[in-house]
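Across the two complexes that follow, chain A remains constant while its partner is chain B and subsequently chain C.
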Partner chain A sequence: MNYETLLIGLAGVLAAAAPIIFAVLGETISERAGVINLSMNGTILLTAMSGFAVAYTTDSLFWGFLAGMLIGALVSLVVAFASITLKQSQVAIGFVLALTSRDLAYFLGNPFMGVPGPRLQAMPIPFLSDIPILGPLFFKQEASTYISFLAIVLAWLWVFRTRPGLMLQGIGEKPAAAYIRGANVNFMRYVYTVVGGALIGLAGPTYSLGVRAGWMGTISGLDGIGWIALSITIFGGWNPARAAFGAYLFAFLQWLGLVLQPVLTQVPSQVLQVAPFPLMILTLLLVNIGDAEWVSRTLAAMPESARKFFTKFLRAMRASPPAALGVPFERD
Partner chain B sequence: MRSKLSTLFDALLPVIATLAALAVGTVMLLLLKVNPIEAYAALWDGAFGSANSFAETLVKATPLLLVALGICISFRGDVINIGGEGQMIVGAVLATWVGLTFTEAPGWLIIALALVAGFVGGGIWGGIPGVLKAYFNVNEILSTVMMNAIAVQLMNFLLRGPMIDPAQAELASKIPQTARLIDEFHLARLAPTRLHAGALIAVVLAVVVYILLWRTIWGYRIRAVGQNPHASRYAGIKVSRYMVLALLLSGAFAGLAGAVQVYGVNYRMITDGSASGFTGSAGFNGIVAALFGQLHPLWSIPASILFGALLVGANKMQRVVQVPSALITVLNGLVVVFVVSSEIWRHRRQRRRLAAAGEEEAQPKPDQPQVQKEAGQ
Partner chain C sequence: MNVDLRNIHKHFGKTYANKGINLSIQSGTIQGILGENGAGKSTLMKVLSGFIQADPGGEIILDGKSVVINSPADAIHVGVGMLHQDPLDFPPMRVLDNFMLGRSGGLFPNRTTVRQDFLKLAEQFDFSLDPDNYVDALTVGERQQLEIIRLLWMGARVLILDEPTTGISASQKNKLFATLKTLAGQGMTIIFVSHKLEDVEFLCNQVVVLRAGELVGEMHPPFDAVKLVEMMFGKVVTLGERQPIQTGDTVLELKGVSLEDVRLKIKNISLNLRAGEVIGLAGLEGSGQDLFIRACAGLVRPVGGRVILKGKDLTGKSYHAFKHEGVNFLPAARLEEGLVPGLSLTDHFVLAEEPKGVFIDKAYGQKLAEERIKSFNIRGNPTSTVESLSGGNQQRAELALLQSPLSLILLEHPTRGLDIESVIYIWSKLKDRCKQDGAAIIFISSDLDEVLQYSDRLMVFFSGDVSEPIDATTTSIEQLGQLIGGKGWPQKGEPHA
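So, the complex of A and B:
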């Protein structure tokens, strides 16, 4: 492989990661506020379908993306209403919504199966795209990819560097304390769940209008991405920057699978297709293993130097969820 | 003390939930400008209208019930198994392999072996996430979902390669399917319909699971771990072991559902590339049925029949009045959310009463269990 194709491939990884980044950031924000949006897998499919359908009908990409965001927000509003106001199980409602919106996407998307529609074009940024290496890598992308770069930075700054972000952390960690500090916990949870949902809703159109343009129904290959995004959220430790890293890592591994396929011809194609899933399980394992009882016991029995190394490694991998994740807030 | 009235109300909740969901459905049908009476009549007719349609309902209900039985075990143990689809597939693959390999053996032996193979295959596929959760703290919702994806690719690989029908292998079309099981290996038909002995097996197993959960020490421990892992640990129960057991059994029943589907309905495995192409989403809908049956194996029987009927009837409704059968999925969802939420309310009331009683005795309380938090990751 020569240098140019490598650059194009890596630029493709950045683009392919964009929808996952939207989904992961949306979920991170929502979970930071204490609400798990388990409907993500269905939402991505539904917004991919509806984003494409709207863009196709109106012949406007803008309306397509907007429709995706609105529908994403709407689904998350159901999650928020059921879990915050009705105090129902977030896992149950999210799971049911994941199935329902997936079925809806396949059913309602039928008329749009395989029709050629509008799609995003690459938008090189003048001057910046001429920089060697960095130019073709970062600045010859589609608009959605630029927005994904921006979203990572903004989400990180918001969570860790602003007052409302501090409050957001409080709502997810210690809602009672945040309440005493004057935060309207349930209202803010609504806001963040819906904003997170809108971000997740951006993921669908980014697929159907960009990365994998068009709507192909059940063979779109999008089913399952939401679950992967969910595990990347955990891998990311509810930190937007680390979550984005996870998304890039996943997209990179997928690309690697494609590149390696012609080289490793004796390996069945299914192995490379399936590789991201065991790898995600492995990363989840590394993230969580530090909490296991037997690990700390084993560590204690190790010689000093090895223990130091492993402890450091496990601590770096470790991520603990917001303390009030999934727990409804009640004043009492 | 709970009054008789509230006990009655709790028992009737699923019925009330169904009626409420149907009422919402009526509104939706009216919005779609469809006569709801006509639509529901078509639904009823499709599900119960004739001996044949009722048999179809039971055929659809069978895998739902088997998956639901496993879900009763795992959810009672507070482990969330969303991997029913994958477990069904692996169970079915292993069972099909048995039937295609030992063609000389007597039918009853092969059927028995195949069902065991399905049970084992599903058990392995459920046991892996169980071990990952119990010993490595990996969230089981995510790992079971990932295991689904792996199972689908495994099936696609096997059905296109090593297990492909020799007849198809020679054709250009190369439809990814296995050879057909010989007639001696088919599960017996119960009536001149498609209803097969798998339905009976499922009902018998429902009783077995009931006994397991409420009349044996293992069942007691699984439930104890599910209700309070900390207290269980203090009581000397090996919590990790019972978590694995719960997920393993849960997967095993889903695997059995897959085996029964092959030996009772399809007589071969065929893939369209997705999981639901083989399972008909029974791995997911079984969860719905179990939740509706309030995670009780015996109540799961009528619940599975209800959802089987909804699925069969929805097709008829779609044909007759031209409404999306997705409407039924939405109704299913509404029913479940309603039932689950009422369950949670009841649990919370109960817990509050217990907490109030506990504080009076001024006992030191163990740390708040992490269950809720973990369930959501």
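So, the complex of A and C:
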């Protein structure tokens, strides 16, 4: 493989990760507020289909993306209403919505199967795209990819650097404590769940109008992405930047599978296709190893300086979920 | 700030938690509020701090102005801040984030000025808090300190403290009291809710007593403890006399046991515990006593030495092996580690029995539960879920679950958060079990009076150092306090006395 193709391949990884980025950021925000939106897999399929359908019908990419966001927000509104207002199990409602949305996408998407429709074109940014290496890597992308870069930075800034973001952390961690500090817990949970849902709803059109343009029904190959995005959210420790890293890692592994296929002919192609999934699980395990008892024992036996370093490292890597994740809040 | 509560009523269903309470507190006063568990102290304070709303008809007047407090945010806005018994903070977040969370202002808070404010306040009260530390690395006492300066920074001029001395060390308690006195001197109004007479006597300028939702009495210094207790319970309650224990055979023998976890290493503990004996473990929280008691329960494997129970070497054996030999452990977190929330009392008693077949004998379980509820004086019925019981009743339920026969009872903060009557009851039951089964007790408590009152010997823990067992009858509370604070220990390198 020469240098040029490598760059194009890596640029492709950044683009392929964009929809996953939207999904994990949306889920991260929602879970930070304490609401698990388990419907993600169905939402991605439904918004991919409807985003394409709307863009095809109106011949406008903008309306296609907007439709995706609206439908994502709508599905998450159902999750929010059932879990916050009706105080029902978030897992149950999310799961049902995941299945329903998926089947709805396949059923309603039939008329649009395989029809050629509009798609995003690459938008090289003048001047920046001429920079060697960085140019072709970052600045010859589609609009959705640029937006995904921006979304990572904004989400991270919001959660960790702004006043409302701090409160968002509090709401998911200990709602009672957030409440005495003046938060309207349930209202804010609605807001973040719906905003998160809208972000997840961006993932679908980013596929069907960009990364994998068109709607192919059950062979679109999108089924399962939502579940992976859920695990990446956990891998990301509910931190937008880390979650984004996880998304890129996953996209990279998938690309690697494709690239290696012609080289490693003796390995069945299925193995390489499936490999990213167990690799993600392995990473998850490694990240959260700090809580295991044998690790703390090993640490205790280390000399002082090494122990300090590793303890700090593991503390930074440790990802504990928001303590009130999935727990309804009542004032008393 | 002058606080006037007029005609406060609050009912939950048919029961009145507060019944026509009138209370007026002058600016600069430290007002004690006494009462047993469930007397309505917490409800009254939740009304004042906006957590719940009183029934219509009452009035809250601050500095002569009638105010409406509908939420904790309203309360802090008018200058009322409350320090909750379990600190309402965010453990995995940093101290500084906890400090500024909830303060209004621009989108991007200015961390530099916040940090300056924080350090200035911390310095003013001589609190050593690192703004970059995580709250889950702090002790309960430090979390209180953080919460106090946060409330002051938010503009609190009335500070309500709900049972603030449970779970903090003696030196932290002294610091807290000094802080409160300083604040009162500056014109703050302090409301100190407690069921601990000695704290209230020491600190407060005036005391009111609540019983069954009503204000039943008021007292100014000098306080008459006997009379206060009488007001609290509506009857005279006396502490039992210390009884010399007839010690029997060795129950537990530790031979040069060493323990370690991430934070600390404990080396070479030897102990000979006889039947009927009670050993209290004292020390700041996290000084190793929790590790020690878990090692005695078989939950932590020692890295060296031997653990011998009734002549049987159980070193390195599992918790179940220990339990099989009659070792029972009641952890501090009653609902997290001790009981199963969601299950009823009957379920608990049935679960604790030796299994007889696959199916549950409902009638038997019901009978068993009724018996135990009666003999352990639990306020609840067989179908009550454990989380619906009050702390004292949960602890009674745990005692009722102790297996039989017993050889060793291990308790972590057995009476934390309980009122005097429950404390006396629980200890009398424990001592009975000791006598009956020839068992011994090891318990952890941060309440020095409890350690001295109920143990025969005590061991002090200080950052991984463990004292030889000391005779509790000849130790004074001052000596014990100093040992806990790290004074009066043999120098490093010298053999332990």
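Throughout what follows, the second predicted complex is superposed on the first by the 306 of 332 C-alpha atoms of A that agree within 3 Å, B and C clash if a C-alpha of one lies under 4 Å from a C-alpha of the other, contacts with A are read in each partner's own complex, and residues count from 1 in each chain.
Convention: contacts are C-beta pairs under 8 Å (C-beta built on N, C-alpha and C of every residue); 3 or more make two chains touch, one makes a residue touch a chain.
Fair warning: this is a prediction, and the values are worked out from it, not measured in the lab.
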item	value
Touching partner for A:Arg161 - first (chain B), second (chain C), both, neither	second
Partner chain in contact with A:Gly170 - chain B first, chain C second, else both or neither	second
First, second, both or neither for A:Val267, with chain B first and chain C second	neither
Most chain A residues touched (candidates chain B, chain C)	B
First, second, both or neither for A:Tyr179, with chain B first and chain C second	second
Which of chain B and chain C A:Thr100 touches, first, second, both or neither	first
Contacts of A:Leu134 with chain B and chain C, given as first, second, both or neither	neither
First (chain B), second (chain C), both or neither touched by A:Ala306	neither
Where chain A meets both chain C and chain B, residue numbers	323
Chain C - residues contacting chain A, complex	46, 49, 51-52, 71-73, 76, 82, 84, 88-93, 97, 100-109, 134, 260-262, 265
Chain A - residues contacting chain B, complex	36, 38, 82, 86-93, 95-97, 99-100, 103-104, 106-108, 218-219, 223-224, 227, 230-231, 234, 268, 270-271, 273-274, 277-278, 280-281, 284-285, 288-289, 291-292, 294, 321, 323, 325-327
Chain C-touching residues of chain A, taken from the complex the two chains share	161-164, 166-167, 169-170, 173-174, 176-183, 296-297, 299-300, 307, 311, 315, 320, 323, 331-332
Contacting residues of chain B [partner chain A, same complex]	80, 82, 132, 135-139, 141-143, 145-147, 149-150, 153-154, 156-157, 161, 272-274, 281, 284, 287-288, 291, 324-326, 329-330, 332-333, 336-337, 340-341, 344, 372-373, 375-377
